[in-house]
Structures are given as C-alpha cells and as structure tokens.
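In what follows, a single structure is set out as structure tokens and then discussed.
The letters A, B and C name the chains in turn, as written, and every chain counts its residues from 1.
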Amino acid sequence: MAAKGEAWRAALLSALLLAVLLGAWEWAVKGGGGPGGPTVDAELAALLSPAAAAGGQTAMPAPSDIGARLVELLRDPFHQRGTNDQGIGIQIAWSLWRVMAGFLLAAAIAIPLGFVIGMSPLLNAALNPFIQVLRPVSPLAWMPLALYTIKDSNISSIFVIFICSIWPMLLNTAFGVASVRKEWLNVARTLEAGRWRTAMRVILPAAAPTILTGMRISIGIAWLVIVAAEMLVGGTGIGYWVWNQWNNLSIADIVIAILMIGLVGLLLDRALGLVARAVAWQE
Amino acid sequence: MPGMGGAARIVSIEGIARRFPGLTVFQDLWFHVDRGEFVCLVGHSGCGKTTILNILAGLDVPDEGGVLVDGREISGPSLDRAVIFQGHALMPWLSALENVAFAVSCRNPGWDKARVRDAARAALARVGLTQAAERKPAQLSGGMKQRVGIARALAVEPKLLLMDEPFSALDALTRGTLQEEVSRLVTEAGQTAFMITHDVDEAILLADRILLMTNGPEARVAEVVQNTLPRPRARANLHHMPGYHPLRDHIMDFLITRSRTLAGKPPEGWDSRRPPVVVPAEA
Amino acid sequence: MARMFRRDPVLDVCACGVGHPAAFACAPEAPPDGTGEMGRVVNEAALRAAFPNAATRRGLLSLFGAGTLLSALEGVLPLGNVREALAQGTPAAAPEKRDLKIGFIPITCATPIIMADPMGFYRRHGLNVEVIRTAGWAVIRDRAIAREYDAAHMLAPMPVAMSLGVGVANPIPFAVAAIENINGQAITLANKHRDKRNPRDWRGFRFAVPFDFSIHNYLLRAYVAEAGLDPDRDIQIRSVPPPEMVANLRADNIDGFLGPDPFNQRAVFDGVGFIHILTRELWDGHPCCAFAVPRSMITDTPNTYAALLRAIVEATAHSNDPANRVAVAQAIHGPNYLNQPLTVVQQVLTGTFADGLGGVQRVPQRIGFDPYPWHSMAVWILTQMRRWNQLQRDVDWAAVAEQTFLALDAGRAMRDLGLTVPESPMRNETILGRTFDPRQPEAYMASFAIRRN
C-alpha cells in the first residue's frame, strides 16, 4: 500500500517536472515578447523565413510546434512516397531490422564462442589479447573498413552492429560459463550427462542470467550505433531520417527522432529484460 | 574384512596416492567396500577425505594406484556411483521434481517425459517431498534441499552411494531426522554406501565399518572399527545399546589424540593393505 | 543553349521504328563495319581504353595505323558488338540494363539528375532509375566504387582524383560523362561580417567547403590567394557536409563557407548569414558537379550508358531553360528529393533572391546547366590539385582531361539532341580576372605567388 502511494507520488512528480520543463521551453521560445510582423517589404519577406523577415534568426521550435509535427508524422507513419521519402515508422522498422540482423548474428557467434572460451582456459588465454584490443574500438571506426571490404552499405551497417554487439555477449558468456559452479558440473559428470546435455541443461541455464546481461548491454550499444551508422551511410533507417531532417535544418523533427530513438531503445531493453526475468534463478 | 572373498567386494581401493605440489595428501592407501555394506570414513578436516571420495566418484584421479568397481578399474564418473554432495548441489533453475527428473532421464535416456516424471515423483515421495515437488530450491529449507539431493542420488539406482558430509550444514534436529531416513532407505534397498562424516554418532548409527584416518599430510587409515551394534538402530536409543559407549569412546579417543600421534611416518612393520581391525563393542 | 524540347513531350514513332520525343533526330543508318560516325566513336573509345596513355596511343597509331591496331584489339574485345550496339538506331538501342540506381547529394547542383526522375526523362529513354539521396561525398564515392550505384552525382574533380588514385586506395577509373551545373555556388558569410566584404580582411577566418576535391575548395583558395592571403596559413578551410554548413555558421563555428545551394540561400532564409559573392563572379561558367560513371559502364553496357547520357543531357538542357525553372523547383524541393522549403529552391533556380543584406537581387544566370565537359575545366582542376599539392606528381594534363572528361560522348549525345557542340573541348577560361590557357598550364601555374608545390 505504502509502496503504491509512493509510486503514484513519483509519477505525479515526474509529470509535474515535465510540465514545468515544457512550459519553460514554450515560454522561452514563444513568450519573451517575440518579434512582431515583418520589418521588410513584402517582396523580400516572401523570400525569407518569418523570423528572418522580422530581423532575427529562425528559433528553436517550441514544444507545441514539435507536438503538432509529431501528430502529423504519426498520422501516416508508414507512407512511401518514393525512395527518399518514407514514413518514420518505416525508418524505425529499417533500423530495427538492421539491429536485429547484426545482433542475432553476433549472438549466434558470440554465445557458442563464449561457451568454448568459458570452458577452455587455454582458449581463453589465447583469445584474450585479441578481444582486449578489438573490444574498445569505437564501432564506427569499423565503418570505413567495412565499406571498403564489404562494399555494400546495408551489409556494412549490419556488420558494424555485429561487431559492436559481439563483445559484451562474448565476454559475458565466457564469464558466465567459466563461473558455473563446479558442483553442478560434477553432478552432471556423475550422472554421465555427456557434453551436449551438460552444455544445454546445466551450463546454459546456469550462465543464462549473465549471458542475458551481456545481450542487454549489446542491444543497447547496437541501438546507439545504428543511429550513428545510418547517419553515416544514409539510405534508410531512423539515423538516416535524423540526418535528413538535419539536412533540412528541421529541429522539431530531430527532437521527435530523439524521442523515438529513446522510446525504441527503452522497449528493446524492456523486451530483453523480460527474457532475463524468465531465465533468472536465485539460490 | 581384509582377506574376505572377492565376490562380495564391490569397491577396492588399491594403493592410491594423491599429490599436490609440495603436498602428499596420502599414498599407498588401501581399503574396500563390500556389497550391501555401509562404510564411514572419519578424520579431521584436511586429512584428505573429500579427495578420496572424489577419486571414488571418478571426479578426481589418483596419482598412483587405482580403484576397482566390480573388479574393473574405473576411468571416470559413472551412474553406478551416485554422489550426495556436501552442499546440496541442486540446480536452482529447476524445480525439485525437475532436478530429480534430470538424473532419472540421464539414467534412462530412452524413457519418455511422462515416465521420467513419474519415476522422479516416486523418488521424491520416498523422501517425503511429494508436496514440494514443484518448488524451486530457493523455496525449500536446507533439510528439504538435502532430501531432494538424496532422492536424486537414489533415483539413478547406483551400485554405490557416496556421501560427503551430507548433513554437516543442517541444524541438529533436521540432521537427526535425515540420518534416520537415510538409514531406513539404505537398509530397505540393501544399498551399498560410503560416507564421510565428522559426527561420531552419525557414523555409529549408520556404519557397518568405520575407517579412522590420521591427520595429514600422508594420512593413513590407521584403524578399521567394526560396528557390531545390532540393527535396526534408532537415534533415540542408540546410547542405550550395549557396546555403544566403548565404541564411541574408542573413536573419540582416536579423534582427540591418536589421529595426531599416529600421523606421519607409519610404524615399523606397517602393512598398509591390512590396517588393524578393532571391535571395541565386544571388548 | 536554346530550348529544344516541348514541356510535355509526346512520343512519336519515326522512321527508325523506335518511339522518342519529336525533338530527337533519328540517327542516320550507321554501317556496322566501323566506318561510319558511330564506328569511329567506338573505335576511338576502344583505342583509348586499350592504350590509356595518350602518347603511347599516338605512337602506336602512327606506327601501325588504326586499322591494324583495331583488328589486333578485335581479338580481345568484342568491338563488333559494341559498335553494333551503338550503331543500331542509336537513340534507343535497347539498354542492356534498365534498372539503375543513381546516388545524389541533396543540393541544387544535382537538379538535372533529380528532376529527370519526376519529370520522366529517364523513363523516356527506356530506363527505370531510382535516384537515391546520399549522406555525403565520401559515401557517394564509396557506394559508386562498390557499384551500389550505377552512376552518381559527384563533384567534378572527384572522378579526376579517383582515376589518378588521389584520396582513394587505388586508382579507380571513373569519368565525367556530363557536367551537371555551372556556377550556382556562393560565398556566404556570417551576419556579423557584414562590413568585411574585402577578402583582405578575412585573416583568421574559418571557412567550410563541401569536400577537399571540389571546385569550391579550389575557388575559395584561388579567391583568397588573389587577395594575398595564404589559404593554408592565413585562413582555415575544413570539409563540412553542406547541410552542416548553415548549422555551423549559426553556431559560430565557422565565419563563412563556399558551398553549394540551396544552403547559401538557406542561411539567408534562416537569418543566419548573407551572400557575399556568387561564384559566377569568380569564374563565369565554372563547372561544379558532374554526372559520373565508372569507365567500365561504357564498355560493359554501352547502350545503357548511351541512353542514360541522353536522358541526362536532355534533362540538363531542360533544366537550363529559365522558363522551366519554377516547375523544376516545384518538382524537386519536396521530401523525396531536396527536402527544402520551396521558396529557397526557387530563389536559387530563378535567380531572384534575397541576399541577406536587405536586398533582392535578380541574377537569372545564378546557376546554369550545361552538360559539356570541357577539357579546359579538367586541366584547370588538375592545375589546382597540383598547386595545392593534392597531386604530388606530374601528369599528362591533356591526357588525363581526355580520359576523365568524356567530351566526345557528351558531344555526341548533345548533337543527337540537336544541341550545338563546341568545335574543340579546349577553350580559354577567364578565372578571377586572369586568362587561363589550357594549352599552357605550366605557365599559368608558374604565375602564382602563393602555392604549395
């Protein structure tokens, strides 16, 4: 009961903070005795933005402008009017597709490889130098190399997702597997469980929470990186959309994109959070 | 008994040694367990008891000598030798039933799911855990967990049951109940068992023979004590049984003084294959 | 350039049996043996391809004669096929590949490449082209190299640099099939510099240009050098993607830029800067962007190349007509192409624009569209690459110009469309008040006090 009341109060406070922030923003942009009408003749005024015609600069959009634009965008989020003009929903879908492809590919390699590394101290020691050198490389630094060797920009961005999401999964899997309790392995051995059965029935569930933590870190990074990668190579995706709106200097769209990126990132994390809950165990 | 016919003999330890860098835990160690017999190994902490049990289980390998089971040298763990670990070693992501079922399915790979579950349920019923079958280990008390461990070990119907201080982590009351339960189960099934313990009363309650080990390093089985107290034995009236006190005093005396004074180099004319056999209860 | 096309062309079927706009002349029947006009073109192209070095080629030609050389080449190259492909009813011989991808940067320089899509010029030549907006020059270059794009909008110096192996790992033979726009760039300065209109006052300024290998970079360098400033020491020049120029100007990260439109106009529109000077006042008729193709396209898919070049030349001519400019602005300003306010694009294309200093200027020639890739332009670009030490070796200026600026092909396409084709691809240019004679590049270079080589 008390906890519930607490949660309500926190939500209320959040909403209040948001309202104050947006209100201040709105006032700062629109309030402060803004410029009146144009100060130049009609012919010139028609060639300039209203702000420039009034002798100023185009300003930061107010929350109300952004809201209006958001409604406009969400009215038809999946429209396709040509190669370069597609709805924000389609762009997000593209980004998600790339993230999923790169991420799943990375998982398909990192988890088995992490398994092997985790079980073999020799391999662990042998591969560790490579991992330690490659891991801290900024994912986008791979992009030119990827473009140069792979040549296909779509596959290149998937590769960049792959390469940036592989490390947390690899290291966490290896760590999780290496720290599986000796006694569980001994149980499996005394039961003559066999390698495959031991891996699937004992090591995997034992390491699953650690692996999932790695996957959550990975998907977070992947989502961060896809935006940057798409800004770099363009074509499709939410990152490209940001670049595109930046190209048009439309700040409202960029703010909306930021919100969307945050929201999708949150959803991705929550989705893996649910999986993590399902495989969690406590002693 | 040394020199007894080979047919009854299920396990023979033949001159095993285990060494770590700078430490010989034991060497030239010989003993055996007969079919249907309950043997306890008693000794101070660090003398090498767990090492011996692990070698018996096949989880560790001796540096010299070997272990014969049914006349054949063992080469690793086997379903013939089930272990009840000191910590319960249950898999926390599996329910009590699933933990047992895992063992059952390892023993009987051909069985279908329903059959495996039925067998697991029956094994849990034997230790009185029908009600708690669906619970995860985290939701079980220490005693209940160890019962699941016992059920799991017995469910594979091993030739030899190995126990490493199985009740040492439990409170006195629970420990008493479980000791009697193990006594009952083992007697009912005619199960051969080898158990390590600290607890003298536990050894007297359960064992047919008690091996007394000197302190390490280079620990020896200094004496083999025959427990002639008649079965069934009950914890409640154990100390009223004739011969109980001499037996107990003999073992206590060994633990308090002789385990220390006999440690180190064996005396002149020592035959490691035939340590002295004593029958204090008849003295 | 005269207006050649009807606004809404009707497809006629003429004697050659292929539908094409009325303005198209049917090609004269070309003999397939290589003796006609078409055959000459192919033969020349084949010789050029086989012996890229002009001196070698000339030497071989004088030794053996063209006939011997060609028959020797015929053994290795399917010249007959190429010749035949070009010869058969040239304007519309079936393209080997119809579905094409062309990358563009969203700037008004790309107008012909872009408007050819909504206004149907590609379709009319039997091509199904997807024009793809791209994030920057390096990206467009890499995608063109990777063949993700069949052809691309590039800065005119880029194919030259790529072919010479400058700024890329290995030389990659690319060519300027046609120039897109002439003029149409400007120097935009931040509003705070309203009273610093003389470049002599620009010491310490930070400028942005779109790319190292761009006419923008070379023009800005030449302009400040003419005023006595060393572009490497007295000012800073950075490569900044055009869209970010306005934002950087606004954030006071740069003092100005020599960049493509619509971003000059956009800076004015947003009240961030003013137009200091249009580049046509620096070099009237300077090339800016190019329609670039990999050289392999010419031999691998000659019909596609020919059709595409025709479409581009036609679109370029159409874009150049002042009467079409408003319609073109309407066709390309939207989110699928430039993604800019209509008024901004329209001011650039019509030349009636706010200059950011409170005035409205009327300069209809602010931007022009002329496909002809003058070799003299290429030679000037080479002199500047050499002058600023981007190119660290001496090259055969004329030969490189000939290989990378395909005046012959563009001229042929122009002739087919009834446009006037210059007699020679070399002409004297007037650049920043000096006469540049492309036949005397060394003398021109030597005349500069400020240079890096």
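Everything that follows uses one rule, which is that a residue touches a chain if its C-beta (ideal position, glycine included) is under 8 Å from a C-beta of that chain, and two chains touch if they have at least 3 such contacts.
Owing to the predicted nature of the structure, the values given are computational and were not obtained by experimental measurement.
Between A-B and A-C, flag the pair that has more C-beta pairs in contact.
Pair with more contacting C-beta pairs, A-B versus A-C: A-C.
By CA centroid distance, what chain is farthest from chain A?
The most distant chain relative to chain A turns out to be B.
If you average the C-alpha positions per chain, which one ends up nearest the average over all of them?
A
So, what's the distance in Å between the C-alpha centres of chain C and chain B?
89
Rounded to the nearest whole Å, what is the centre-to-centre distance of chain A and chain B, using the mean of the C-alpha atoms as each centre?
It comes to 55 Å between the two C-alpha centres.
Report the inter-chain centroid distance for chain A and chain C in whole angstrom, where each centroid is the mean of the CA atoms.
Chain centres of chain A and chain C, defined by C-alpha means, are spaced 39 Å apart.
Can you list the chain B residues in contact with two or more other chains?
Within chain B, no residue contacts more than one other chain.
Within the complex, which stretch of chain A touches chain C?
Listed in rising order, the residues are 40, 43-44, 46-49, 51-52, 55-58, 81-85, 147-148, 151-153, 231-235, 240, 243-249.
Which part of chain B faces chain A closely enough to touch in the complex?
57-59, 76-79, 81-83, 85, 87, 89, 91-94, 102-103, 106-107, 136-138, 156
Residues of chain C touching chain A in their complex?
106, 130-136, 139, 142-143, 145-148, 169, 243-244, 246-247, 250, 266, 268-272, 334-337, 339-341, 343, 347, 352-354, 358-360
Which residues of chain A touch chain B once you look at their complex with the stated criterion?
Contacts found on chain A: 181, 183-184, 186-187, 189-193, 197, 201-202, 205-206, 208, 279, 281-283.
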